[in-house]
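A, B, C and D are the chain letters, set down in written order, and residue numbers restart from 1 in every chain.
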Amino acid sequence: MSDRILIRNGLVVTPAGTFRGDVMTHGEEILAIGEALPMSQVDEVIDADGCLVLPGLVDPHVHIQLDTGIYQTKDDWGVGTRAAACGGVTTVLDFATQFPGQTLEQALENRWNEVDGKAAVDYGLHVMVTDLPAGEEDELRTLVRLGAPEAKVYTTYRPNYYMDDDRLLRVFKAAAKHGILVMVHAENDAMVSAATERLIAAGKTSLRYHAQARPMLAEQEAAHRVAFLAAEAGARAYVVHNSTGGTTEILAEARRKGINVISETCPQYLILDDSLYEGEHPEWVILQPPLRPRREGAKLWSLLASGEISTVGTDHCDYTLEQKVSTMKFPSTPGGIPGLETSLPLMYTYGVAAGRISLERLVEVMSTNPARIFGMFPRKGTIIPGSDADLVVYDPRHKGQISVGRLHTVGGYTPYEGMGVQGTIRVVLSRGKPVCRDGEFVGDAGRGRYLERSLSGS
Amino acid sequence: MSDRILIRNGLVVTPAGTFRGDVMTHGEEILAIGEALPMSQVDEVIDADGCLVLPGLVDPHVHIQLDTGIYQTKDDWGVGTRAAACGGVTTVLDFATQFPGQTLEQALENRWNEVDGKAAVDYGLHVMVTDLPAGEEDELRTLVRLGAPEAKVYTTYRPNYYMDDDRLLRVFKAAAKHGILVMVHAENDAMVSAATERLIAAGKTSLRYHAQARPMLAEQEAAHRVAFLAAEAGARAYVVHNSTGGTTEILAEARRKGINVISETCPQYLILDDSLYEGEHPEWVILQPPLRPRREGAKLWSLLASGEISTVGTDHCDYTLEQKVSTMKFPSTPGGIPGLETSLPLMYTYGVAAGRISLERLVEVMSTNPARIFGMFPRKGTIIPGSDADLVVYDPRHKGQISVGRLHTVGGYTPYEGMGVQGTIRVVLSRGKPVCRDGEFVGDAGRGRYLERSLSGS
Amino acid sequence: MSDRILIRNGLVVTPAGTFRGDVMTHGEEILAIGEALPMSQVDEVIDADGCLVLPGLVDPHVHIQLDTGIYQTKDDWGVGTRAAACGGVTTVLDFATQFPGQTLEQALENRWNEVDGKAAVDYGLHVMVTDLPAGEEDELRTLVRLGAPEAKVYTTYRPNYYMDDDRLLRVFKAAAKHGILVMVHAENDAMVSAATERLIAAGKTSLRYHAQARPMLAEQEAAHRVAFLAAEAGARAYVVHNSTGGTTEILAEARRKGINVISETCPQYLILDDSLYEGEHPEWVILQPPLRPRREGAKLWSLLASGEISTVGTDHCDYTLEQKVSTMKFPSTPGGIPGLETSLPLMYTYGVAAGRISLERLVEVMSTNPARIFGMFPRKGTIIPGSDADLVVYDPRHKGQISVGRLHTVGGYTPYEGMGVQGTIRVVLSRGKPVCRDGEFVGDAGRGRYLERSLSGS
Amino acid sequence: MSDRILIRNGLVVTPAGTFRGDVMTHGEEILAIGEALPMSQVDEVIDADGCLVLPGLVDPHVHIQLDTGIYQTKDDWGVGTRAAACGGVTTVLDFATQFPGQTLEQALENRWNEVDGKAAVDYGLHVMVTDLPAGEEDELRTLVRLGAPEAKVYTTYRPNYYMDDDRLLRVFKAAAKHGILVMVHAENDAMVSAATERLIAAGKTSLRYHAQARPMLAEQEAAHRVAFLAAEAGARAYVVHNSTGGTTEILAEARRKGINVISETCPQYLILDDSLYEGEHPEWVILQPPLRPRREGAKLWSLLASGEISTVGTDHCDYTLEQKVSTMKFPSTPGGIPGLETSLPLMYTYGVAAGRISLERLVEVMSTNPARIFGMFPRKGTIIPGSDADLVVYDPRHKGQISVGRLHTVGGYTPYEGMGVQGTIRVVLSRGKPVCRDGEFVGDAGRGRYLERSLSGS
């Protein structure tokens, strides 16, 4: 492949600094960046005048074609990666569940088979480890070999995913031995279960009660415990979707004591709040953890700006509105919201344009940091000669609104419906190939590749 | 100026990642970086095959043509910046002393006059504030206006530089108000004075006693106090030349409490140790603070690797050997050693090649961080289109020895005489112009410019 | 009652200082203390020359006539309090289990009925709260009314006692509201259960494996979590039987952050160690938590001396040797050892005589502190006019050995068999009445009273 | 001496608890305490019905017959100890200044000579160490031998007392070696000097500017530095007269890190505030450190209640009103106020009666703790048989006002003039002998003895 694309005259944001100029791709890689690169021998010129040129986003937390054992999303890898492409997300890190009786390798193989021929952008997989018999902890080594060096675990969701403290500690110890990062969904199972049962017993099962079923303290206690166990095991832990400021503060205090824990949050916890459960469409915001009071979002923005939160993932789940409203009871409503396609405009608008974070910080938490933490840097997460030509041309001058009509998901809704956004995605390149132009998907199903990732340094 | 230089096929180290490829300059700036940039229209091609291509070093702590009021170095700006150029240091940050009766602006003007027509590389100035009458603290604002937004102060050296805690606090408060960074030479004056007097009283004035005159605790106590006063004033402090691990640990603990303090160290504290005072050439290592026991160097390397030390400066002073041996008594020997020309090979050899720090970390502490902290990023400290074409081509395959015969300083010695080094500097570019080739100075006196620097973000 | 007893010429240890002199009782109370109290009108004179005169011990953690739902000890309140009397323990704080379906008041009534007519020394009760339905948390108020203002809970022992984090938090919140102290047996249930199951699966069920079934980390993690939940609820927690130094250090760190948690340890964790599981009589040391490595005992002594451990209780359980050896498998062996009668000589010998703690500290942790914490000071825990005449005359000159033959328990063994002790108990007074003389029980069953205790200050 | 005094039926406050009953003395000591001690053979019976019976106060910080080298108070040991006696202070700890050229022993001898035949209550001495030549640090051992095991030092007051950090550190190291406690007057000399000079330069020398001359931060910085140096030396430090809450908080943080530092405050910093400098009698409140804003007093009360402040001393200085108003300029007005005679009623009224501290806490900080810290417990600071019969009978029912007319000082004023107080001192016994009855001094000049004190335990 010898196609060359020249993106001209944009404001190019890289970890080495921001400059006004050009980016040239050659084949799948960045060939050069410069102030005025020569236009000869170029197959296409993209005019980025007035636009930002960003490294493609790396979403560390995505659930495409999800099967929880109870619920299944209606999308597939084609739909999901098409939405990613149109959201400027050129790398999705999804999950491979180890279903009962499966080895870790089988869990990965299942997903590879599912993806086969469908992915429009590159993807990696984190394995959800659900079974780790005592004595077989070294099976985690497989994950390193297969380029998926993380173990995702849950401290809640009996009986499917729930991992008690004994198993958690064994995972941490084995992970520490093999250098694997442990990703943790941290909520105290007893607190969540009891709160839910009390609501059910009281007949309070309509959607508006959803947040009450999952107290903030349940998340904070679990984070506190996870940091303790990680420290004991000498392991690194990555606590997904911090939804309260207190969660991040607990992890920050652990970091100050030298414990290796990382915080992730999601756009929904920064931008939305629990007043929506009282609104017209509570079905749009059924997710775990739930939305929190407005003040928590403010705290999370501040912790994101100060560096205590390292990454922003979407926790994207493409359930349909039909699934969401099938019972109108929170205990039987699948949890999870779509986010892949809206994360960049939302984070730009409510983060950068609102003055809460710098443009460089946005790139750091949505691209560079996930690439580093998950062993893909500098192939992903930067703009440097030789890195994959994953690029987003974003026009910050455009003013628009989020509307489900423009999205590529199958769910039929977005929780951000009608919200104003500043800027729009003009072009997205995935390994040198345009996959989205002005909201239209122009990529190829099947071109996305599985990323064999290495152990990250820290 | 339309000269174009193409540096081909090196391992280019940038904050955005490291890649194998080319860097093209145009005039004074980086024009492009790429995997295989076109060679047409190029005035010179530098073959960097097998070499590293680094951003020019930014030495934050240099004393060229120094007049302490008591001693004067014998170099001038021509000599000093020639040495810098040949050491890969394309930006020197030196000092402008406010002598008695002078305004801060006069202090700067004096230095500008001295430099005029002599500098071979770009330079900035930190003003040594020695007089800040109560009520006139706002004069510090001048420093912002003149692009030198730091105040350097000393907690020792009576009567010339010494600033007592009242003045220190007033400087901190005024600095906080105007966003100025306070650089502090931190040693407890009473401890240093008393230790010196006791040695003199005991007739222990030969050079071997030098280190005993300046106890490690004197530095640590002052750092502890500086952090307290900075916190009270809401100021940012930069503690120069941390020579003991304990100093940095005290500052690190302050950082964990949210106090804005930065640690600098120097190659001599990492690489040399106080056993040299018992050696053949104690005159080579008379400097303040003195060399410390070997274990301190080990601690400092570890703190440099872990991020607790942000910058490495040389504290370069080009006294002559004659000055050094004139009395052979430490109280009357000028303190300070040359370092500009040896810092890169030494840090590469004893840091990177020895496995103590990564190549990326070397670039960070010797180029990117000083550029950021002192308000010059991304003009300096990175390799990105549009940044100044300050570049070093370093060949890591070469094996050699430090030898005074190859240096451009006037002092006639180097404390590193005979030490083995891995690698050599092939070419140095300053704003697009070669200033050193294979050890030979090829620059132009007078081409170096004063850098008007801005307030840094953090 | 107008009996007067004069204890003459002893070394009287009180929180107000230690003096050589006399203590006079009148009826049930201390009448006077002095240097040479008048001997007229005295019914009995006890010569304490060369002896220590201590306030009667207050054992905060005792299980007389225990019914766990699975096992029952073979003693009754007569046996247990006789042993207490002969051990210098004039106040026992035992437990009242809330069995399924019972109110808290019924739990207390059961025990009152059992005790009726049998107790030889005063007793108080802590209620083991096992059922606290949501919405009925205020029932805890009953405990204040009935003079038993503590709630004892377990984080392990499914299904009888186990309390999950939701219930634990609700107990903490209700306790905080009513000023009640929460006593916690802290071991991570999942870790203990899993370790046990793995040993069973491996056929490792002989007694020597007992300690492996209950890892130290299980205790430490639970202490860490308990401190977190107590802090969230604003409650006070008292963590019983700290068996590892790490447990106490975790609680000490919490205290430094202002969290109100108290540490208790037991003589067995200070004096014995896990090498006994490899010895001739592992059945003597089956208890929960198990004995730990020797270094833990050393740490605990140090934490006891420095003030981080507030109390020493015995966790006395009088199972018979027959019960202990019935299966020779640890999972089916009742846990718990006798201790009431040996705690004072052991703590004096291995603590005071060995120089690890002062005599005053012994009195503090075995008498004054438990009396203060559990709302009985200055009635118990001191020697002051008007306080209960609970006194121990201890002769430190005597040298002897622990031997089951001299004990008043029914179990038929002591884990301390054959250990040397320094000193012996000469006389014990309970509310002015001798209950033990030179090892012989001389008290009256039924004279011991239920102590209605008040909320303690801190 | 065989006098027996029976104090009947009071509320007796001891560290072992509070009881209603009697205290009997015999000769110089407590003979007995009891509920109803026999009245036969008693020389005097004091009816304490409705009254408190307290251990005599131990004032750790007193300046009787003070000669600062510049100013002299007009009292002598007769006047000063008479005031102490009438204030319930039965032990005064005063200072012996090492004047230029004197040994430490000579400093003590000077004071012994002055006191000879005059003291009405017992006294101890802390030596103000002003000269400690390098190499002679072991002279501090003398202090242990002479029963005055403290070194008092100043971080301010040039040139008389000022000790720079080098000397301070040497004192700390020598003190650590010999177990001596270092008492520190902590104010940053440079800050105090500069603030004073600026006020003088501005012509602001009237008394109302006094507080501005000694900023709160000067005290806080010095406390921070003292804790650091004490930690380095392994010494124990006692920071006198904490006048700001921040000072105590800095020391409390040091304690949490294991540094052995003790906080003292004075009634004036708890009860008075800096609004008095704007009032009618600024001359009444010229003292160092000065009075602070009202909020600081509130913080200090809270820190006193929570245990962070260990002792309350008065810093008593009996300058005359003539001396105070001689120039009406603060730089030439002797600093220091009388306090010995008013501390108990003030602390009872504004502490205990106002609900800020308990009665037991008052006794702890004004009697038991100073006795323990300064090596006199249980001879002083408690009520226990064998301890010195130093007792205060205080009637809390009385309501009165502070008035200079009732005081025994020579100064002719009190800063508390007209303030209401709850309670009055009925009788004070010093070693078994009444020294004050209802405000009238009835003691004997010369009966007070020098207390040879031992090293305290902690």
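Assume a residue touches a chain if its C-beta (ideal position, glycine included) is under 8 Å from a C-beta of that chain, and two chains touch if they have at least 3 such contacts.
Everything numeric here is computed off the predicted structure, so don't read it as measured data.
Put simply, the chain farthest from chain B by mean CA position is C. Averaged C-alpha coordinates give centres for chain C and chain D that are 42 Å from one another.
Centre-to-centre separation between chain B and chain D, using Cα means, comes to 53 Å. Averaging C-alpha coordinates per chain places the centre of chain B 65 Å away from that of chain C.
For chain A, residues touching at least two other chains: there are none. Each chain pair that touches appears in this list: A-B, A-C, B-D, C-D. Those residues of chain C lying in contact with chain A across their complex are 134, 164-167, 169, 188, 190-191, 193-195, 198, 217, 220-221, 224-225, 228-229, 232.
Chain A contributes residues 12, 14-22, 24, 26, 29-38, 256, 377-378, 382-387 to its touches with chain B in the complex.
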